[in-house]
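Here's a structure for you.
We call the chains A, B, C, D, E and F, going by the order they appear; numbering starts again at 1 in every chain.
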Amino acid sequence: MLDVAAPYYEPVGHECELFEYAFHQKLPLLLKGPTGCGKTRFVSHMAARLGLPLQTVACHDDLTASDLTGRFLLQGGETVWTDGPLTRAVRNGGLCYLDEVVEARKDVTVVMHPLTDDRRVLPLDRTGELLEAPDDFMLVASYNPGYQHVLKSLKPSTRQRFIALELGFPPPEQELKILIRESGLPREKATALINLANRLRELKGQDLEEGVSTRLLVYCGRLIQAGMPILQSARAALVEPLSDDEDVRDGLMETISATFGG
Amino acid sequence: MLDVAAPYYEPVGHECELFEYAFHQKLPLLLKGPTGCGKTRFVSHMAARLGLPLQTVACHDDLTASDLTGRFLLQGGETVWTDGPLTRAVRNGGLCYLDEVVEARKDVTVVMHPLTDDRRVLPLDRTGELLEAPDDFMLVASYNPGYQHVLKSLKPSTRQRFIALELGFPPPEQELKILIRESGLPREKATALINLANRLRELKGQDLEEGVSTRLLVYCGRLIQAGMPILQSARAALVEPLSDDEDVRDGLMETISATFGG
Amino acid sequence: MLDVAAPYYEPVGHECELFEYAFHQKLPLLLKGPTGCGKTRFVSHMAARLGLPLQTVACHDDLTASDLTGRFLLQGGETVWTDGPLTRAVRNGGLCYLDEVVEARKDVTVVMHPLTDDRRVLPLDRTGELLEAPDDFMLVASYNPGYQHVLKSLKPSTRQRFIALELGFPPPEQELKILIRESGLPREKATALINLANRLRELKGQDLEEGVSTRLLVYCGRLIQAGMPILQSARAALVEPLSDDEDVRDGLMETISATFGG
Amino acid sequence: MLDVAAPYYEPVGHECELFEYAFHQKLPLLLKGPTGCGKTRFVSHMAARLGLPLQTVACHDDLTASDLTGRFLLQGGETVWTDGPLTRAVRNGGLCYLDEVVEARKDVTVVMHPLTDDRRVLPLDRTGELLEAPDDFMLVASYNPGYQHVLKSLKPSTRQRFIALELGFPPPEQELKILIRESGLPREKATALINLANRLRELKGQDLEEGVSTRLLVYCGRLIQAGMPILQSARAALVEPLSDDEDVRDGLMETISATFGG
Amino acid sequence: MLDVAAPYYEPVGHECELFEYAFHQKLPLLLKGPTGCGKTRFVSHMAARLGLPLQTVACHDDLTASDLTGRFLLQGGETVWTDGPLTRAVRNGGLCYLDEVVEARKDVTVVMHPLTDDRRVLPLDRTGELLEAPDDFMLVASYNPGYQHVLKSLKPSTRQRFIALELGFPPPEQELKILIRESGLPREKATALINLANRLRELKGQDLEEGVSTRLLVYCGRLIQAGMPILQSARAALVEPLSDDEDVRDGLMETISATFGG
Amino acid sequence: MLDVAAPYYEPVGHECELFEYAFHQKLPLLLKGPTGCGKTRFVSHMAARLGLPLQTVACHDDLTASDLTGRFLLQGGETVWTDGPLTRAVRNGGLCYLDEVVEARKDVTVVMHPLTDDRRVLPLDRTGELLEAPDDFMLVASYNPGYQHVLKSLKPSTRQRFIALELGFPPPEQELKILIRESGLPREKATALINLANRLRELKGQDLEEGVSTRLLVYCGRLIQAGMPILQSARAALVEPLSDDEDVRDGLMETISATFGG
């Protein structure tokens, strides 16, 4: 399950260096940032760059500690232990990435504790094993600070086990490079789209819960590049995914028409 | 499980082109629209038109990620992995349609994440597999924006992974064509029924949660065409399914009587 | 599981014709009406009249979709699929009657969706089958509109998939016929009992949640006909089942004594 | 599981006759009454008198329909169906008594429905059987009206399927007979105890949720008869079981001391 | 599982006699009293004195009726019934002690009902057995009245099945005897500790939820006797276990220093 | 699973002596203290010093009593009992450490009761065993008093079974020794970092839920020692893990810049 070719990633600051320091110092890393800003891509990129296998787990309400560590399965009338993704990473080395860790249940965050202090061990109570993480094991977790609420937040006793890094949307110049590379749009059209995105992002917070992500910009660029009319592409990729409110959508479409002509 | 003959679908706008662009650009698609406006029919139609097998999953409160991805079943004393509908679509290609995705539990929406960004993969944590979606795999999801509430809504981090399209009830001319085709009613009677439907739809929001859908109109047309008296047909297909409130139903019957004579 | 002899049913309006139209037009039917008015009897009657096997499912809080569609059971060390009542009806034809469908969990109402639109199919995700309903399959559901509340109600997206019919208590002349036939009481005594019932029903809403049902009247008639004193029969069948409140019961007994003498 | 000797029961009114009418008319019976008034004893008595086997089920929050109807159990690698107590009574005839039925979950009350209308059948969805109750099958349920609250009450659609009977504490003359018979106390001491009980019962409602039951009186009589001092016996059997409040208990002990001398 | 040597117990009143009367009259017994006052020790003592095996069950939120009565376990491909502690006590005789019964779920209290009235039987619905309790079976339950709240309390219908007894902390003379015996402290030091405890107990209710228990006094005495400085022993055994509030703990330490000198 | 070399631990007060007294007097010990102050390290240190094997269990919402005591697993078609970590410690002797015990469910705290009074036994209801703890068995539990709230707190009946000890952050001189030893930083830089930490800790309570822990200080020291610029190291290890609030983080960075120069 090795990601062989390092996926394209355009660094915004010193995040790659920090990641490498954390890896070599055997410190767990916490990524913070909004939807679609590239957290997952960043982790894939670093895994490939460091030559490490990557185990990605998308966390959710019903994810249990057993989904991470493993469980007994019936085989030939015997219950046989089967490692989960976290255990695989601890046993064999490599990155284990827990995406949106805040969504997971409490037992999942607690299972990380002995791996994220000086012990760096994973006790498997059900098999009686105590696995020591090898030097090339690294735990990375991410979450979106904008979503946290009372019931779902990281306890200080968990947060204080990580060094942390905040990622945001890339600055215009870099977002332009990403958009051109991922959608194939010519520079001129891509620049117009970036400008539009920034105008739409200014509307965030009033009626929109989140601004246009880089991912949606790329979607829009690909539809345009494939031949779909600009306004239809913008409606499908930049307007409908952001809101169900008719007034909000009309407002967004007006801004778009004003930019690209009606 | 291939839908061989393309089911009849009467396009309202550019929705068929948008669907095809999304398919060829490998973008996931989100359909928004009210009850009975034809979302499911539209997906069946497009699946047949693109020559793709279709896996439809009606989402609900108790649908788990395992219902989509698969589970271990006991066979001959062994636990054998059995693919769920989403895994089947990823393994073999084709459309996977998640109907009313907002009703599903959080773990179901999270399972779609790695399939709806640039990775297009489905990690099966329990088997340790990482399936890459083939070029002809497409994920379509739908929901009714009118029902969303605090506990049940799509998180931006999920929505921003789709391009989106809103469908509504067809305009009168098209609804007339659909009604005639599906019920066999003569044009004159069908026109009268369409007019009635639009008069009833104007009452929506006051005492009615939802207006008469195209589907109920077709039901009414079929009862009339089969020989049931018009007023009885209208009561059974257009009044009783919409409300339990006696005053509301009396009001609806008055409008109907006024249209078709007492 | 064929009901061979058509159970006695005394029609109140055009409900038998409507049922037959719905069956022949392959439309699902929703029955609305109060406790003990004869919904279940009506369905048994129509099943026998149309010569169809009948699967009845009493819905409740803990009924799951699997209880309807089927599940894997262990047989000889293998997990073997076993059809539930809905699947049996779809596979072999006949009526499937979901009694008090509002009580069921959401996944049960969603499982009906593909059977109640033009597709008329039942997808069994766990076996990978897609069953097409035969022409003589019909789905009937019932509920009591008087009980609906916020947490328990049919969503419009489910209701609009049915044509609907409201049943009430039979008018006096018919209730008399039913009472005589089912209890064996002579006409005079039965008439007195019907008069009493109607007097008691006028008290409904003040202190009583529901009025005396036809079923309780028949119970009372059978006790009297078996030789139990009238006042004791009325207390046991018409008073105690309706209320635990001492004042209410005293009021009811007064009305009864006034009718039949102390 | 036949109760051979009819347990002693002292009738208060016409409850034995009503029970017999209900049995012969095949009507289900609902018993209402306070804690310790003798509902369970009454049912055992009637079962023995009618020569019927008795299945008693104490209902509670976690009792499921399967606990009543049966379940599949693994035997020699096969899942074998095993009848629950309700199914045993339906298959073989006899009384099935559901004690404190209000405590049971909704699926339990619904499972009784087809057995408590004119069908008198028990559908076993999981085996596909439809059992017809024999003539000597009778369903009896009980509850304490004093405990009912919003979340726990019998729905009218369930209540109206039963004829009903209210039991209370026996009048003094009868309670005396019971106390003497069950405790062996001489008449004089027993009379004093009955008088005390009635004085204590007058305090109910002020600080006490329930009055002294006949059962506790018998307990007290047995302790006294075995040689334990009267005041100690009364404290252990009549005071401590009724309240944890120190003032209330002091008040009760004062009344007792005043009666039997300090 | 016989407790051979009777554990040391210092009676406070007539509790031993009452226990023996209850045993010989086959009445179930309910013990009420605060944390650490010796309820469990009392039961062990009586079990040994009466020569009865003892089954102790510590009740809690997740304890189910099956944990008490037994369950089917897989052995050699068969499901084999395995008795729980209550069933073992009923089958073989002896004491069954349910500690903190209020913490258990409702199904646990209901399972005791047929054992705590004149029937003295334990119906095992899942095996179809009806066990009669032998003469030397006795059921004892305990709870702490100070903890009861709305959701967790014994229903009158359960309480009225027991005779009851309240235990408190022993009076000073007896507590002194216990402390000397269990810690080995010389009389003088023990007396000082008892005096301190009573001073600390006077603070209860203001800032402390519970006063110092006899158990903690014994802990403190053992630490002192083992050579740990008095103030450190008192902090570890009498202060830190009672409160996390800094002001409260400072207040307690002041009282202690004032007693034993700073 | 023996921790062979005693991990480095720098005592703050008499905690090591108290631990040893508790061990020799067979008293269970409760550790109280904030996140990252060294509770787990202290327990590992003492286990090694006393030559005892250590079982550590990180408690959480979904930890059940069975996770501690053991469960039946299928092996060769038989259900075979498998000890949990608490049972292993009781059977073989040694320390069992329940980290953050307040997070566990109630059944977990109740399972400790018979081990934490004079009985020192572990009843395994499911196997019928009653294990007596050997002399070298010791139970240690910990929690963070700062997190307790209504739903999650230790009941007095549990707390009063332990002697208790509060740990805090080490005083500056000792923290300096720890920091130098664990990060390899030269004394001068380490002193500057300690001073910074204390300045940051003064901000706690205003906008910060918890202050900088010793663990984060060590992380920061290791990053600096590895060559990462001081300000970047401080942001990653001391600022981002503490807060998501932009103003708070700016304030923290200002303090840091003022200390180390911009």
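Here, contacts are C-beta pairs under 8 Å (C-beta built on N, C-alpha and C of every residue); 3 or more make two chains touch, one makes a residue touch a chain.
Because the structure is a prediction, the values reported are computed rather than measured.
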{"item": "Set of chains whose contacts include both subunit D and subunit B", "value": "C"}
{"item": "Superposition of subunit A upon subunit F: rotation angle, C-alpha, nearest 5 degrees", "value": "60"}
{"item": "Same or different contact residues where subunit C meets its copy subunit B, judged by the half mark", "value": "different"}
{"item": "Farthest chain relative to subunit F (centres taken as mean CA coordinates)", "value": "C"}
{"item": "Subunit B-subunit E separation of Cα centroids, rounded to whole Å", "value": "60"}
{"item": "Between subunit B and subunit A, distance of the C-alpha-averaged centres to the nearest whole Å", "value": "30"}
{"item": "Whole-Å gap between the CA centroids of subunit A and subunit C", "value": "52"}
{"item": "Per-residue multi-chain contacts in subunit D, two or more chains", "value": "74, 77"}
{"item": "Pairwise touch network: line, ring, star, complete, or other", "value": "ring"}
{"item": "Complete ring sequence of chains beginning with subunit A, oriented so that subunit F follows", "value": "A, F, E, D, C, B"}
{"item": "Complex interface listing, subunit B residues touching subunit A", "value": "14, 17-18, 21-22, 24-25, 27, 30, 32, 64-65, 72, 74, 77-79, 105-107, 109-111, 113-114, 117-119, 123, 125-126, 128, 130, 145, 148, 155-157, 159-166"}
{"item": "Subunit A residues touching subunit B - in the complex, by the definition given at the top", "value": "1, 7, 35-36, 40-41, 44, 56-63, 67, 73-77, 82, 84-85, 88, 99-100, 103, 144, 147, 182, 209-210, 213, 215-216, 219, 222-223, 226-228, 232, 236-237, 240-242, 244"}
